[in-house]
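Labels A, B, C and D are assigned to the chains in the order they are written; within every chain, residues are numbered from 1.
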Amino acid sequence: MSIRTGIVGFGYWGPNLARNFSVAKGGELRYICDRDPARVEEAARLFSGAKATTDFGELLRDDALDLIVVATPVSAHYPLVKLALEAGKDVLVEKPLALTVAEAEELVDLAKACDRLLAVDHTFLYTGAVRKIKELVSDGELGELLYFDSVRVNLGLFQHDINVLWDLAPHDLSILCHLHDEQPQSVIAMGASHTSSGFENQVYMHLEYPSGFVAHFHWNWLAPVKLRLTSICGKRKMVVYDDMERGEKVKVYDKGITENARGVETMKKIFVDYRTGEMRAPKLDHGEALAEEASDILECVKTRRQPTSDGEFGLRIMRLLDGAQKSLEGGGKRVELRGVGPGGGGS
Amino acid sequence: MSIRTGIVGFGYWGPNLARNFSVAKGGELRYICDRDPARVEEAARLFSGAKATTDFGELLRDDALDLIVVATPVSAHYPLVKLALEAGKDVLVEKPLALTVAEAEELVDLAKACDRLLAVDHTFLYTGAVRKIKELVSDGELGELLYFDSVRVNLGLFQHDINVLWDLAPHDLSILCHLHDEQPQSVIAMGASHTSSGFENQVYMHLEYPSGFVAHFHWNWLAPVKLRLTSICGKRKMVVYDDMERGEKVKVYDKGITENARGVETMKKIFVDYRTGEMRAPKLDHGEALAEEASDILECVKTRRQPTSDGEFGLRIMRLLDGAQKSLEGGGKRVELRGVGPGGGGS
Amino acid sequence: MSIRTGIVGFGYWGPNLARNFSVAKGGELRYICDRDPARVEEAARLFSGAKATTDFGELLRDDALDLIVVATPVSAHYPLVKLALEAGKDVLVEKPLALTVAEAEELVDLAKACDRLLAVDHTFLYTGAVRKIKELVSDGELGELLYFDSVRVNLGLFQHDINVLWDLAPHDLSILCHLHDEQPQSVIAMGASHTSSGFENQVYMHLEYPSGFVAHFHWNWLAPVKLRLTSICGKRKMVVYDDMERGEKVKVYDKGITENARGVETMKKIFVDYRTGEMRAPKLDHGEALAEEASDILECVKTRRQPTSDGEFGLRIMRLLDGAQKSLEGGGKRVELRGVGPGGGGS
Amino acid sequence: MSIRTGIVGFGYWGPNLARNFSVAKGGELRYICDRDPARVEEAARLFSGAKATTDFGELLRDDALDLIVVATPVSAHYPLVKLALEAGKDVLVEKPLALTVAEAEELVDLAKACDRLLAVDHTFLYTGAVRKIKELVSDGELGELLYFDSVRVNLGLFQHDINVLWDLAPHDLSILCHLHDEQPQSVIAMGASHTSSGFENQVYMHLEYPSGFVAHFHWNWLAPVKLRLTSICGKRKMVVYDDMERGEKVKVYDKGITENARGVETMKKIFVDYRTGEMRAPKLDHGEALAEEASDILECVKTRRQPTSDGEFGLRIMRLLDGAQKSLEGGGKRVELRGVGPGGGGS
């Protein structure tokens, strides 16, 4: 049995989704929908196997349609996802899940009430690099995690309607939340705007967790050299993920510290020794991340398995962005977080 | 006329100072003083031209002695510098200038009152790299400065009596203050301790300035790869200073942004275009920084010129460290700064 | 007036040529020809503005057609180019120009006799990097050239009908000949085959020139890390061209040596001092090389200017490959070269 | 029982030998000898435990002396080593073993006749990097070796009495011979001199072996960037040894090729597929190579074990240098080699 899919929104990202869902095993791309007739015509030309339409109702009314993929501007996410869920469809929606935390919460609740799957498209989780790091963390190879530090900067396209936080943070926050489940207790975000737009083009964000784990980020549209560099430090090993490397993107360092006490009882002090062993760069899967994701989502629909990046997950990211934005607006004030961890949210 | 110098403290750094002051042109190393007779004996063996002694009073009483260099543990800085200034000597003291801001202020005032030079040893300012960057900033090649971002991390020696801030921050803060004179208005510092010592081994620090300029730092003793990477972004050009590079440590990027308004009057938005030109790595002077510093200090003593890193400068660094420590202790709270800029301090 | 172009051969490279010639200013893509009807159908679908045909004669008979681009397998180059020239067409042909030096010579002579342009497609010459290096050489910034050293290795696709020399050497040899006009006097080539095919997968080639200039190459399909690294050393400056760099592919080092004699007349020896100055990475044009080439060829056709990579140039490359192959077969014996330089060929 | 050692020659390298032999376990540095009284005085000052003398005969006559280390200019190697062996001493001599192959052969024969150890100081073999690579080769992890490619270039000190071959080649040739025992059949060397001295400052050398293994080298005093890069390719894995890396100098790539035949019997062709797995950088021992060597030589003297780099080994290097020099002088002509492998030499 093939999973029948319809895509709504055929702008920047829609064609990539269509390309991957049209060839994914176990699926059938049945509709492409856009309100712009010119886009619909283009869709019809490129994907002759699917029906192209401006009428979203057509998708909702087709009882044989299983999955609706929402790739419209973010302001349309909430109404379209709501309609789709209410029509009994499973949904994959572009990030961010909605405009506000309140909308996102409502959609998560609705999906539960309707017993439908709600997935959010955080494509980075399907890259070979992140899948490998997830495996290293899950297998316990890194040991208990101590910190996550990520830098994503370059001389890049300045968005003119959002700040750099909302542009770049979803990537790193989704990787962080995927690797480390703990609920952070607070966020501090500090930014600067070097143009007259007032939108921050440089933002630092800091998360604190009850366990002592910390996460720190630097996003910047105005940097001389492009960096995509994430360090994940565990008690046993450390990982450096450098997305600008052509060859070995993920390096695992067998390095760490050991504590020991020296001196007599009353005067004893804690000394820290460090040890350093081999480094290895595991082989990564080089398949296209979006192809992996399409397969996985179709599999979830078929088997009713909850996707990795489900509504709850998308909501966690929304709450982190929301908290960071409040901190930015408060000039770097510390903002307490609630309900960001898995199973949290009962605020 | 040679400048006669005496060094007090012959522990870790003292021999380096002695080696450089014993050969610096225009100077004569007359004394090495340490309260440990074994160190005095070693000094006598290595520097036969100087008098080695355990009696600091001997230096104070020698009317022909011009300069006293204090390289003792930091707790002895205040009393020794005070005695030296009161005895009419010029002073070069290891960083940090004193244990507390109050002590440091007192020493700065005393030097003024005695009309003596007080210099603080921030050796990094004399490296070929920092001297070249200072020149680029002073010449206006970078344009107005927008931000300073510095990362100094590695798997390093954990100190067991101070946190990573007091260990590593003086290097980067001295470079920042040397390049950018503005008085910061606030500091936020966030840290984590991953050992049972409670001392932070990972600290992020953020400085905000009235002009919109920001400075951000990451110091870490528990990092998989050694990084010494500073970015200085100006309106016209940007500099990357990578101290781990063997060859080209300083790279100047002819990159930047330009703003322009598009759209009709009522709807017009600010768009940002970026431009990218050539990169160049200027030739750097490869002389030993401490040799440069010794020459410069001797020259200052001779000509009564104020040294680059004088007491006021050392005090600025102390106030930044003090503010950051308070923020750390307040869990990342924003701490207002006063008197950190040049000519500030009137608190 | 538009230059009317026909392309013959729509296999691997043909579609790239068609894409670029169909949009190049001053040109009109009129025909795409292939003997395989399936390829012709594909061409018709992708380039609806051009006429797709299996009949090469149609191109020859169209008096309004100016330029024929030959992108067939190399064995068809000779007969097709010959027909095109005899029909009065200008020709751009894929490298290598022909199967043998004799064929290539005949085509060069024929083009002259017919007064038609004959260009060979060495696309690398149109990359931003090579154009910039050519400029540096022509402007005299490097001074007299001393050597050229190039490494092009990776774990790559083993061809099963040619050795690595014929696969990779044309790239580097075309760059060398473009930058340095001198006629080499001899070639030595040394190879190894690490498979049972007998085709060399690793070849070193060495060229000697009357002036003392040398060129050396390493090509390898069986190397652990991908390298594309060329050093060009002049008396005044040196260039490193690293095609694997994302950012600064071309670096110019202001480094060199100076000689001086020391000692008394009868005992004097030559000493060599070296000097080292700044490095700079000039801004490169990032346009697609093939688009640059298409424009340039159309311009040549229009203005009757001789293209950079004309028949003579293609013939020089053929003679170098031919000499190297003879040396390989002779176990690394030195092979004398004739007629490889510009204006050479009078053998 | 301690091994009593005397060092003759206290110029550039002698003090390093003295420092290491004076602290090596199981040894006692008894003499330092130099014909220059000023050097003898310096030796006496720095190594008070040893007797400093200008009289080499004193060492020969001391029956309790076990080992003589010869660190004089190369022209004195032959007479001093000969005297030492004849006096019944074991000998460690700086590379190269002697001025000519004939002298070297005579010393090797003499050592055998006297039943004394003769070791040649190829310090590189004792670095952590080379020891690790040797282990990888010996354990069969790389599989059968296919090639060795080494580049050792920089803008360096031009020697004024030898060419770059004799300056830099001993390092790489000793590493090659240590890792691969096979006897090469021929050498081709190609050079260029870019100064008026006539001494080659740039040399390429190529070795061919009966098994199909090849080795290739590039040495250059006139290169813009310092490279110390060696690739060792085996049938199963490949190693890249980059001596300029601060961190991971040795990287092991689990990469290679597999052959398979495709097509029907009469038409079948060999196709080559490649596979690529993980990379790892093993932990290296960071001890000083010369300290390792001193310990090892003392151990050899005590246990009468033959050292890794014995007279035969030093002679192999001499024969390779001699062959390469002959090829250089013949303008890159192929020179047949005899007696370079282990157990060879019976020519």
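The working rule: contacts are C-beta pairs under 8 Å (C-beta built on N, C-alpha and C of every residue); 3 or more make two chains touch, one makes a residue touch a chain.
From a predicted model like this one, the values you see are computed outputs, not experimental measurements.
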Item to check | Chain grouping by contact, computed as though chain C were missing | outcome: one piece
Item to check | Of A-C and A-D, whichever chain pair has more C-beta contact pairs | outcome: A-D
Next on the checklist: Quick check for the class: compute each chain's Cα centroid; which one is farthest from the centroid of chain C?
Outcome noted: B
Next on the checklist: Can you compute the centre-to-centre distance for chain C and chain D, using the mean CA position of each chain? Integer Å is fine.
Outcome noted: 41
Checklist entry - CA centre of chain B versus CA centre of chain C: separation in Å? => result 54
Checklist outcome for this item: Averaging C-alpha coordinates per chain, one finds the centres of chain A and chain C separated by a number of Å equal to 45
Checklist outcome for this item: Whole-Å distance, C-alpha centre of chain A to that of chain D, is 54
Checklist entry - Where in chain B do residues touch two or more other chains at once? => result 225, 247, 276
Item to check | Residue numbers on chain B that touch chain C, as the complex places them | outcome: 247-248, 254, 276-283
Next on the checklist: Quick check on the complex: what are the chain D residues that touch chain B?
Outcome noted: 225-226, 244, 246-247
Checklist entry - chain C touches which residues of chain D in the complex? => result 146-147, 149, 155-156, 158, 160-161, 186, 188, 190, 192-197, 202, 204, 206, 208, 212-214, 216, 218, 222-225, 231, 233, 238-240, 251, 253, 255, 257, 259, 269-272, 274, 276, 331-334
